[in-house]
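Structure first, then comments.
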Amino acid sequence: MSGLRVSWQGGLAALLALAALLMLPIAEPSAGGPSVTAAILLLVALAIAVDAAPAGTMVRAAALLVGAHAGVYLLLGDLGSVNGAARGAFYLLLVSCWLLAWRLVSVLSSIRAASRTGEVALRLVIPFLFGVWILVLWEAIVRGAGIPFVLLPPPSAIAARIGNSLPILAADVNQTIFKAVLVGYVMGCGAGFLAAIAADRFVFMRRGLLPVGNMVSALPIIGVAPIMVMWFGFDWQSKAAVVVIMTFFPMLVNTGAGLAASGHMERDLMRTYASGYWQTLFKLRLPAAMPFIFNALKINSTLALIGAIVAEFFGTPVVGMGFRISTEVGRMNVDMVWAEIAVAALAGSVFYGVIALLERAVTFWHPSIRGG
Amino acid sequence: MTDRFRDKILPVTAILLAIVAAWYVGAYMLNAPFQRDLDRRAGETPTFSEFVVKTMTQPKPTLPAPHQVAVNFYENTFLRSVTSARSLVYHSWVTLSSTLAGFAMGTLLGIVIAVGIVHVTTLDRSLMPWIITSQTIPILALAPMIIVVLAAVGITGLLPKALISTYLSFFPVAVGMVKGLRSPDAIHLDLMRTYNASKAETFWKLRLPASVPFLFASMKVAVAASLVGAIVGELPTGAVAGIGSKLLSGSYYSQTIDMFAALVAGSVVAVLLVTAVGLTGRIVERAMGARPA
Amino acid sequence: MSVVQAQGLGLTFNTNDGPVHALSNVNLTIEKGEFVSFIGPSGCGKTTFLRVIADLEQPTDGTITVNGLSPREAREARGYGYVFQAAGLFPWRTIERNVALPLEIMGYPKVEIAQRIARTLDLVNLKGFEKKFPWQLSGGMQQRASIARALAFDADLLLMDEPFGALDEIVRDHLNEQLLQLWDRTNKTICFVTHSIPEAVYLSTKIVVMSPRPGRVTDVIESTLPKERPLDIRESPEFLAIAARVRDGLRAGHSYDD
Amino acid sequence: ADAVTLQLKWVAQSQFAGYFVAKDKGFYEEEDLDVTIKPGGPDIAPEQVIAGGGADVVVTWMAAALAARDKGVPLVNIAQPYKKAGMQLVCPTDGPVKTTDDFKGHTLGVWFFGNEYPFYAWMNSLGIPTEGGADGVTVLKQSFDVQPLIQKQADCISVMTYNEYWQLIDAGYKPEDLIVFNYTEMGVDLLEDGLYVMGDKLEDEAFKDKMVRFVRASMKGWEYAIANPEEAAGIVMDNGGQDEAHQVRMMGEVAKLIDQPDAKLIPEAYERTAKALLDQKIIEKEPEGAYTTDITDAL
Amino acid sequence: MSVVQAQGLGLTFNTNDGPVHALSNVNLTIEKGEFVSFIGPSGCGKTTFLRVIADLEQPTDGTITVNGLSPREAREARGYGYVFQAAGLFPWRTIERNVALPLEIMGYPKVEIAQRIARTLDLVNLKGFEKKFPWQLSGGMQQRASIARALAFDADLLLMDEPFGALDEIVRDHLNEQLLQLWDRTNKTICFVTHSIPEAVYLSTKIVVMSPRPGRVTDVIESTLPKERPLDIRESPEFLAIAARVRDGLRAGHSYDD
């Protein structure tokens, strides 16, 4: 099975690179000149060639990695500092590099890792590459097309802003995440959970509490946040209260569905033991409800963050991620806004990841974890 | 009839009464300090009962008393023509329509994403982390920018608001459905394998039915999120129509009674929506031969 | 006082396409210390009858008492152990923790729980599988784990619904013997559903033959075999005579006899 | 007719009465203009809207406009209807703050979103740190209502002469119950509502002409509104305003800030605004060409 | 060409507390048209072996071909029908729709689906229960529904894992006969797991005796019985001789022989 095997990504990338060759230069004016252009084309061609050659997976992956990323690096450099200077050839080469990266991800996805560490590394590298390319495309389009800074800054500017605003970001994260989000999350999930149990245990509560719980579900933060500021003051306590309200309902609903999910035979079994309500709850129904409960915990992990940030749009001390976002929008420091958003996204992903790991450990027995 | 009274009406009324009672106490406690300031500046010394009445009749109370809200709600719901900009029915309808549009799109998107993630390994590995990240972006913070950008390209009216609802509602559905679509028992999956069923057949005949409990739990959360999204989406449109605009204009002028009436309207809409989803869920489960508990 | 006393017992399920008469006019008395086997065609109501005794199903006709109490009171007094037709193990518990489940609920002390787990898992020959999860066991092993779970605590009345259905002859013989010994030693009352005629005859003091649609008792055979029963009693003429009578009863209840 | 889109900085209220009146009374039509007025809101930055092409001309405050200019949005002031600033800080007489010397150790409510610059400029000139503690003031990001004062969460709060101040009065405060620090009177004000367009568009004579007609009609609207406050308030109500009596009162106060409806920018006020922003490092480079008198001169 | 050919087949499960050797060095050839029974103590790897044939489990050692193809290719050619040890009916489908499932997937026309449902439900004696949901059926009825599901379509190879475990003797005899007729008529190859020695001997052309830990084949007995087998062949000395040999093999594989 030797000979050339050209993937569709590789083929298309080659075509686009050829088309770009006819439409040079890349930018007007070009910062690097023809030598840089030549280097880019060479890199792309080389990567396509190696990928098509009967080389080992690792060699092909390495060639694609270098070709796509070095290529796009030079390409962006060639734009120079002039915004909106890109010409057709620029976009053709950009897409060409992107296709190579896509091909790289396909090659990586097909690898069956031999070791556990290899497997973990792959699981991390693939989404990472995906993310890198979102950023690369963002950067290239914003700078290439000259989109106004106050509408959407390029990732490089955001990264620079993160770099020199670390103390401010740290203070904001501390205020918003470590105080408002965590406290509100724990209390809101706890309250939703307990309400679901109460509704399950007492028919009276089920009939009375559930409609009220549904009402709470729609209280929009915009309406609630000012009221919470009235009640709990303008510091983080009122933001935590908003988070409590936001996270309450998903937990209530999911715990309710989860408690209904245990099997009939299992419940009959507990009846034969004359097991009390609480024993059945703890030994059968809660474990069976765990997949649903973790559903709510995951959804809430992102909701809590949104809630705390938006709640800070109302009255707050002059620190916090939401405060910073709304203030800096007004100051046209859009890079700072996106820096906060990036930090929020990072924190949220970590938060979610921790819960997902916990889920794997607790519901190891569920078909969705055992492999479905 | 009496059963219905005992099973449904009594508990709901009891809980509502308890809430109303607590609310009155809260209204008194929160409005009292300001009333005291007022009286002191005016040099009045009312008796306790006079004082209590005063705390319940402030025009712009910190926490309006239930009857104030009820009166306002009643007037703005039943006494206004439903097309009037002062009618809560009108505003609720505006909000409801973008909620429903957003909910429909969000549910669909959520299911499509879940299907992709469950069936395509590359998507599972590369997309899921970024979907999670997308939700940690405080969309509500960006809502104004989004509305502005969409308006700049000529998209106005219902769609931008519905898009915010979509953004908020697709995630619960996606997370729930990924779980649900992966929840069939191993033996059932094995069975489909023995038939060499295609992915599509396994999806329609096994994964989808098995995911129904997860789907409806998620849809309840999603419909509530859609409503919140629709309300928030109404804020940056210059407060023209919708429950969100009522809340906003109320807040500029500290018209707390108006705000609470709008909140009540929002909650009523929420209860209706969540109940509708719940009922649909029950009907579907019954049609699927679910065993009564 | 009889352990189970059913009079004119009937149970009708209402289903989407009309009522199903699972039991009708069942009269039966079971005395303390009896070993009663239920045998009958598939779908004749054996499981349903056991479930009525266990208060898992409410009869629609007639009366039944368990230990002189209503089934519900008897259940609340933890009067019986039940082995279901399917294993019904909790997937999040290892085998030993599954066996521990009823013991935990009934509040046995820790040390005793450990002892009982060891003893009963040994009895059903599952030593070495304590730490496995249910899905890591074969079908027969799961069934044995569920038997162990029901034997782990001391119930005076054992309700067993085809407990040995998924076991090979050798294990089955072994467990039959063990069960007889246990019964002999502890003077339990046992209600035992089986499809194996030799098993029913070998184990029982009384054999109840049922027939379907509607489920009713067609024959009650009191065994004349001695209490002491070596395995080779199964070749004795007395044994074979009883077996033949059971087989006839069974065949009579069947709708097809081709 | 030529189409013009105007983005306001806030929701429909008498603060913008002139534009609503001009549209309603057909003044724009007379100038052959078809004007769309987009209300704003708490999170709408008109600077972003115009940078994204969502408007031709915006009403905004100069501090925000210069900050945007510093970030590469070439905003240019073409007219300045508001001569004076309406922002002030108020403290209840029975509270701890009586004079500027009493600020230390207390909590002050401030509007952010680009409205905080005058406050910080003022504190800067008073030499009071804003990081809290006994020697400084604690700054609270204030919501757009007067609750923080009623709730006693802040010792003083920001208000506009034409809006929140009257909400306090409505809430039962009498004028003598309030101590007022007015930025204009203290000479630390920054210019408020002005009209801004993208500088590159001004190179186009046709656009310039359009703006001349727009400003002329707008100022005619303001004149009419000042002369007929009740009717103006009614028009604002028709365009989504709330609370008619309040709008009438607001119209009266706004008239005081507009002073002369000639839309001319006072260069000294501009210099002061730019310097304050530079001093506080809110903008980095000295702004150049941030305003033009071409339009108002042509009126 | 042989239908199943296993050489040095081994399968080890990795579990939380160490590896479990479910199969080791299994060599077996099954020719077209054979009726092969697998018998062996609980947990000896019978189910695992069937699952390997069906490409539901990947062997860790050795090779196996099905119809000359890899198990995977054979599965993709829809080469077999499988009856699982547990019924595994879809709870949201009625009985008839459960039986229709494989037919829908394999694209049978509507009319034929209806015919086949009627025919196979009749075969397993479940007429009248078409519209019921699985939980409304007794254990044995569920098992019969799952048999009907596997027989509804025409597979050349049938893998049946204790299909008759929950059935009484009469039904079992009936179904045994039906199965033999079907096999005779259609020349299918059948792999059949059972715990009943008489059943294995009565049905099979070849009996594979297995023993556990690790699961291996200890004896392969070619039946000398004629293809035509009336029920009373079970009393013939030839039959009893084979049964004795199977029983010995089974006993030898057991860890306890008390």
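Letters are used for the chains, namely A, B, C, D and E, taken in the order the chains are written, and counting of residues starts over at 1 for each.
The rule is simple: a residue touches a chain if its C-beta (ideal position, glycine included) is under 8 Å from a C-beta of that chain, and two chains touch if they have at least 3 such contacts.
What you are looking at is a predicted structure, and each value in this text was computed from that prediction instead of being measured.
Number of steps on the shortest path from chain D to chain E, with steps defined by chain touch: 2.
Listing every chain that touches chain A and chain D alike gives B.
Between the chains A-B lie more C-beta contact pairs than between any other two chains.
Centre to centre, using the average C-alpha position, chain C and chain E are separated by 27 Å.
Chain centres here are Cα means. That of chain B falls 52 Å from that of chain C.
The geometric centre of chain A is 55 Å away from that of chain C, both derived from CA atoms.
In this assembly, the C-alpha centroid of chain A lies 48 Å from the C-alpha centroid of chain E. Chain contacts: chain B has residues 62, 141, 144-145, 149, 185-186, 235, 248, 251, 289, 291 touching two or more partner chains. Within chain E, the positions touching two or more other chains are listed as 86, 133, 135. In chain A, the residues that reach two or more other chains under the touch definition are 151, 226, 230, 264, 313, 326, 329, 366, 370.
Interfaces, counted as pairs of touching chains, are A-B, A-C, A-D, B-D, B-E, C-E. The touching residues of chain A, counted against chain B in their complex, run 105-106, 109, 122-123, 126-127, 129-131, 134, 151, 203-209, 211-212, 214-224, 226-227, 230-231, 249-250, 253-254, 256-257, 260-261, 264, 291-292, 295-296, 298-299, 302-303, 305-306, 309-310, 313, 321-322, 325-326, 329, 337, 341, 344-349, 351-352, 366-368, 370, 372. The residues of chain D lying in touch with chain B in their complex are 8, 11-12, 38-45, 48-49, 52-54, 94, 143-147, 150-152, 167, 170-174, 177, 240, 242-243, 246. Listed in rising order, the residues of chain C touching chain E in the complex are 13, 15-17, 20, 39-43, 46-48, 85-86, 125, 131-133, 136-141, 144, 161-162, 165-172, 174, 195-197, 247, 250-251, 254-256, 258.
Those residues of chain C lying in contact with chain A across their complex are 51, 54-56, 75-78, 80-82, 84, 86, 88, 90-92, 101-102, 104-106, 133, 135. Residues of chain B touching chain D in their complex: 33-34, 37-38, 40-42, 59-60, 62, 141, 143-145, 148-149, 151-152, 235-240, 248-249, 251-255.
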